[in-house]
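See below for the structure under consideration.
For clarity, chains are labelled A, B, C and D in written order, and residue numbers in each chain start from 1.
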Amino acid sequence: MTALAIRGLRKSFGGLRVTQGVDLAVAPGERRLIIGPNGAGKTTLFNLIAGDLRADSGSVALFGTEIAGLPARRRAHLGLARTYQIITLFPKDTLLRNVTLSLLGLSGLRWNPFVRLDRQHALIAQARHALGRVGLADMADRPLAETSYGERRRVEIAMALAQSPRVLLLDEPFAGLSIDERRDVAALLAEVPREITIVMIEHDMDVALEFADRISVMHFGAVVVDGTRAEVVADPRTREIYLGE
Amino acid sequence: MPFNRRQFLSGAAAVAGAAAMPMPAIAASKPVKIGLLADLSGPLAEGGIQMKQGLTAYLKSKNFTLSGYRIDLVIGDTGSSPAQAKNKIQELVERDHVDFIVGPLAAFEMFAVNAYVIQHKVPTLCLAGADNLTQRAPNPYLVRDSATSSQAMHVMGDYAARKLGLKRVITIDSDFAFGYEQEGGFQQVFQLRGGCVVKKLWSPLGTVDFTPYLAQIRDCDGVCQGYAGAAPVQFMKQYAQFGLKLPVCGGETAGDDALLPHFGDYAIGMISACPYTIGYPGEANKTFIALMKKYFDSVPGFYAAGTYMDGMVIEAALKSLHGDVSDPARTVKALRAVKLEHTPRGPFSFDHFGNAVGNIYVRRIEKVGGKLTNVTLETYKNISQFWPYPEATYLKQPAYSRSWPPVTACKA
Amino acid sequence: MTARRALIGLAAVLLVALPLWVPGNYDISVGSEILIYAIFALSVDLLIGFAGLVSLGHAGLFSLAGYTLAVCLGAGFGQPAAIALALAVALAGTAVFAALSLRTTGVGFIMITLALGQIMWGLAYRWVGLTGGDNGISVSARPAPFGISLAVPSHFYEATLIVFAGAVFAYRVFVESPFGASLRGTRDQPRRMTALGYNVWMIRFSAFMVSGLLAAIAGILFVFRAEFISPPTAALTASAEPVLMAISGGSGTILGPIVGAALVELVKNVASAYISRWNMLLGGTFVVIVMFMPEGLVPGTMRLLRRRFGARPPAPVVAAGTAERKPPP
Amino acid sequence: MWTILAINSVTFGGLLFLLSAGFSLIFGLMRVPNLTHGSMFMLGGYIGGSLIASWHLPFWLAALVAAAAVAAFGGVMERFLLRRLAGSVLAQVLVTLGVAFMVSDFSLMVWGGDPLSVDAPRALAGGTRALGVFFPTYRIAVILIAVAVAAILWAMLDRTRLGAMIRAGVDDPEMARVVGIRVSRLFTIVFCLGAGLAGFGGVMGAPILSVYPGLDFAMLPLALVVVILGGAGSLPGSLVGSIVIGFIYNFGLVMVPQLAYFILFLPMVLVLVLRPQGLFGRAAP
C-alpha cells in the first residue's frame, strides 16, 4: 500500500491552471523531495493534499483512504500533518502552549470547556517531550515572540511531529535559516522514525538531496521527472527546467 | 463645566431674595424639591432643552419661591433613552428625595417610568402624550397640563372638515405610538364630521428623506402630518420642494412655536392645533414669552409652556396644601384640583384622570413683520381629552393604533 | 499570587457589602446595573477578545431574551418558566445569528451582526402586538426565590451579584479550559488550527452560543431590574455600548470588561448628575484611554505597575485579532 | 410617482456617495473603520449652515469652507489619535466612537437642539419639469455634483501620482511601504480627503435633510451599508452601492412599507451571507 497516492489532481484559479494532472505515489516510510522552479505549483500541491485548498478533480489517498473530499481538519485526524513555508505559529503563546495546541487538535479534550488546560498534566508532559525531541525543552516556557527564526522552525516541526502523523508534509523547512540552523534541522529530520513518511519541498539542494530517497521535479503544475536522486540528476528534462529558468 | 444637579438650587441668592421679601416664616423650613426629567441630549434634545428653560424661567422669575415655599430644582437628563429615564427617576426620587417630578417628554420614556411612579407614589407632571396614561390604564399620580396625543388632533379633525372643507386627506406620521394616536384622533373626528382619510403613510423613526412618501401623496385634497422634534422642519421643506401645494394640517408638535425660527417660508400656511399658542393674548403669556427671551433668548413652544405651567400648578397646589407635601395622595389630589385662569395657554383645569381641560388653538403659520408666527384662527374652548364624545362613549372604543380606526372606502 | 488572592478577596467583600457602604437605594441599584452590564460586556468580549470577532448586534440577543421574558410574564407564565423560555428563545436566536454571521469574519462579521441587530430593533418597533412598539412592555413582578423578595433593592443586588459571580467563575473556567485555548487559537491562526485538526467553524459557533447565553442572562436581569423593556434596548447604540466597555477596560481579559462596564455606567448614571456634558466626558474618557493605554485600562494599568515596580519587561499584550500591539512610543 | 422615485433614488444615491466615498477610501487604504464619519457629515452641515445663515456666505463658498474645516479636523484626528493606533482595530473603534460622542455633544452645545434649516442656493431653488414630473432643481443639482465629485476623484485616483500611490496602498499596503511611498503622509492626506468629502456632503445634504442632533448616527449606518454593498476601497463600488441603496430605499419604502424598519438591513444581510466581500469587493483580508 502506498502512504500517499495522488492521481490526476487538478486545480485552477480563474483561468489559470496551477495544478494540471499531478500523479504522485509515495511509499510508506519514504523521504520524498519535491523540487521545481518558482511557480511550479509545489505549495499549491501541498495545499491540495492537506486540504487548505479543494481540488477541482483528481484523487488523494492516504494509506488507501480517499481524502480529497474531506476538510483539512479531518485529514489531520487521519494522520496528515504539515508545516508552512511562512511560519504560522501563535506568537503570544509560549512554545509549550504552541505544541500543546497541536496535541490538543487531535484530542477529544479540545471540546472540554470545564477543566483547566494547565492542569492537563499528561498532555503537557507530552508537549514537553515533543519540544525535547527538537532540543527546545529548556525554552518551553518562553513566549514564541522572543525566539529566533530557527527556533520557531523547530517549533513548527515539533508541532507536526507531536501529532505522530503517518505522513508529514514539510514546506521548505530550511528556508531563511543560517547554515548552523540548517544543520540542526537536518539532524532533527534525520532522526524522525521511518514510521513517518515525509514529503518535503525544498530549494536548498545541499541539505535536501542528502535527505531524500526519491525526488519529484515539478514544472508548470505537473510532475515532470520522478525517480531516485541519480535518475533525476541525470534526466535531461531536469537540466532543461533549471537551465531554462 | 456647568453643574447640572445643583445649578439652580435655591442657594444663597434665592435665600437672600426670600429674606428681603415679606415671606411667611415657613419659607425658612425644608425646601420643596422638584425633579425635572428632560431629554437634554440625544435626538429629542430640542424639546428637552425647552422643558428645562420653561420650568427654570418660572422658578427664576419667582426667585425659587412658590407660594412662599423655597424650591430646589434637580435635573436629570434622560438622554432620550427609556432605560436612562428609569435610572434618572430613581436617582431623583431615591437619592434626592424630590417631592414632584416634572417630565418626561416622550411617551416611551413615561412608559418606562410609569410603573415606578405608581409604585413609589411620586406626583408626576408629565408632558408625554400617551392617551392611555389618563384613560384606559390611568396612573393615579399623574397630572398632565398639556394634552393627550390625540386631544388637539380631535380638534384639528373637526376644523379640517368643517372650516377647511377638506374631504379626502392623506395622513403621514412617524411609525410609532405617538404617530398612531395623533392620526387616529384626527381620523376619528375628521370622519365623524364627514371627511375621509384615504391613505395612512408611516415613515420609520429617523427617516432622513421623505420623498418616497411625498411621491405617494395624490388623489386627495389635504395632508395631515404629526411629526415631532426636528422632523416637521425636514418634512415641510421637502414637501414644498416637491411643489406640493395641498393644505397641510398637524398637531402640537408639527407646528410647535419653538420651531418657528427654524422654519422657512415654505412652512407658511401650515395649520396646526395645539393646547398652547404663542399668539394667545393673555398677560400671563406675554410675561412667559418675555422671560424666555430674557433668560434664554429663546422662542418658547409647547414644551416650555408645559413645564412653565407645571410650575404654576405646583405653586397653586402648594398653597392649598400649606406646603405639606408629605402625603402623595393628598398632593396629587391638590394638583388635580388646581384651576388656573391666567396662564400662557389661558384658563384650564384637570379632569378626574389628571388630564388638562382647556383651550385648543387652531393656528396658521404666517409671516408677520418679516418673521414667521402662528396666527390663531379659532379657539376651541374647554376641550377635554374625550371631546367631542362623552367620556363613557369614548372609553368604550379601542385605543388608537396603526390599524384603528381602519381606512375604509370613502363615499364618493 | 497571594497578593492577588487577597485583592480578589477584598474586592469580593466590598462587592457583597456594597449595600452597606453606599448611601442609598439608588446607588445600590446602580451597583446592580453595573453588574448586569459587566455580564453583557463579558458576553461580547468572549467573541472580541477570545475569538477575534467584533459583534455589533448583541443588543439584539440581549433584548430577545428580555422581550421573551416580558412577553411570557405578561402572558401569565410563572417566573421559572418565563426565564427558561427566555433563555431558550435567546439561544435559538443566537444560533441563527451565529449561523448567518459566521459565514465571514473581520469587517463582514461586524456588518452582518450589525444588520441582524438592526432587524431585531425594527421588529421590536413594528411587531406592536407582541412588543407594544415604542411604548414597550412593563414587567411588575420580580421573582422571589426562596421567599426572598427581590423587589427590595439590596436583595436584588445580592441576587444579581450571585449570578454575576457564577458567570465570572464559569467564564474563567471557560477561557482557561482546553476549549478556551482552542478558541484563542482560532482567533490567531484559523488556517493553522484547521490544519491541526480543529473544526474552526464549530469552535466559533460554540463560543457564539456561550456568548449568547451570557447576553441572554444579562438581558433577563436587565428586565427584572428596569421592570421594563422597549426598542432602544435593541438599538445599535445599545450594541456598541458593551463593545466599548470591553475595549476600554481591556479586551481579552476578565477584569477588563467588568471595569469598562463600571466606568461607562458610572459616567452615565453618577457623573451625569453633576456634569451636564456627560457625553463629552464619556467620549473624552475613551479617547484618553486609547491615547495612554491602547490595550485598555486593565492591561494598561498592569503594564504601568510592572514598569513602576521594575519587574520583567511587559509581555506583549495584544488587543485582538492577529494584530500585534506596537511598542509603546 | 415611479419617475419621481427613480430620479430621487439617484439623488439620494448621490448624497450617499458623497458620504461614503471617503469612508470607503479611508477603510480601503488605512483599514480604519472611521465611525466618526457620520459626525463629520453632520459637522459639515452645521458649519456650512451657520456660515450661510449667520455670516451670509454664498452657498458654494460656505460648502468649501466647511469641507476644509472638517478636513482639517480629520487631519488633526489622524495625526494625533489614529496615527498611533495603526493596526489595532479595536483601539480605532474606541477612539473614533469616542470622538463621535464628543462631536455630537459639542454640536449640541454650540448649535443647541434646534434643527438648522439651510436654504438651497437661490439659482437652484424651486423645481424643474423633467420626464413629465415636477422635481426640485436642487435635487437634480445634487446628482450633478455627485457625478462631478466622482469624476474628479476618479481622475485623481487614475491620473495623478497621488492617486497611483493611493491605489497601490489599497492593493497592498506592505508593498507600498517597500517601494518608498511615504505612507504616513499619504494616510493623513487620505483621511483629510475623506473627512472633507463627508463635510462637503453634509453641506450638500443640508438643504434637503436639514441638520439636527442625531443626524450623525442616522447617517453612519448608511455609510456602512454602502461600503458593505460596494466593497471597501473601491470608488466604482461606492458609487454603484450608493445608487443601489438609493433605489432600495425609495422603492422599498413605497412597495413594502411594512418592512420600512428593515428596508436597508435585510438586503445587507442577504448580500453578506451570500457574498461576504460585498457585491464589488475583493475577498476580505
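The rule we apply is simple: a residue touches a chain if its C-beta (ideal position, glycine included) is under 8 Å from a C-beta of that chain, and two chains touch if they have at least 3 such contacts.
What you see is a predicted model, and the numbers here were worked out from it, not measured in a lab.
Taking the mean of all protein Cα atoms as the centre, the chain whose own Cα mean lies nearest is C.
Across the assembly, the mean Cα position most removed from that of chain A is the one of B.
In whole angstrom, the spacing between the mean C-alpha positions of chain A and chain D is 48. Rounded to whole angstrom, the centroid-to-centroid distance between chain A and chain B, based on C-alpha atoms, equals 75 Å. Chain B and chain C have Cα centroids separated by 37 Å.
If you average the CA atoms of chain A and of chain C, the two centres end up 42 Å from each other. The set of chain B residues touching two or more other chains comprises 41, 175, 204. The residues of chain A never reach two or more other chains; the list is empty. Residue positions of chain D touching 2 or more other chains, listed in rising order: 105, 108, 260-261. Under the contact rule defined at the top, the touching pairs of chains are A-C, B-C, B-D, C-D. Contact residues on chain D toward chain C in their complex (touch as defined above): 27, 33, 81, 84-91, 93-95, 97-106, 108-109, 217, 221, 224-225, 228, 232, 258, 260-262, 264-266, 268-269, 272-273, 276-277, 284-285.
Considering their complex, residues 50-52, 71-73, 76-77, 81-82, 84, 88-92, 97, 100-102, 104-107, 109-118, 120, 143, 145, 159, 163 of chain A touch chain C. The part of chain C that touches chain B in the complex is made up of residues 23-27, 29-30, 33, 122, 125-126, 128, 132-136, 138, 140, 226-228, 230-233, 268-269, 272-279.
Taken in their complex, chain B has these residues touching chain D: 41-49, 175, 201-204, 206, 208-209, 211-216, 218, 229-230, 233-234, 237-238, 241-243, 258-259, 261-264. Residue ranges of chain C in contact with chain A, taken from their complex: 173-174, 176-182, 184-185, 188-189, 191-200, 206, 210, 315-316, 318, 324.
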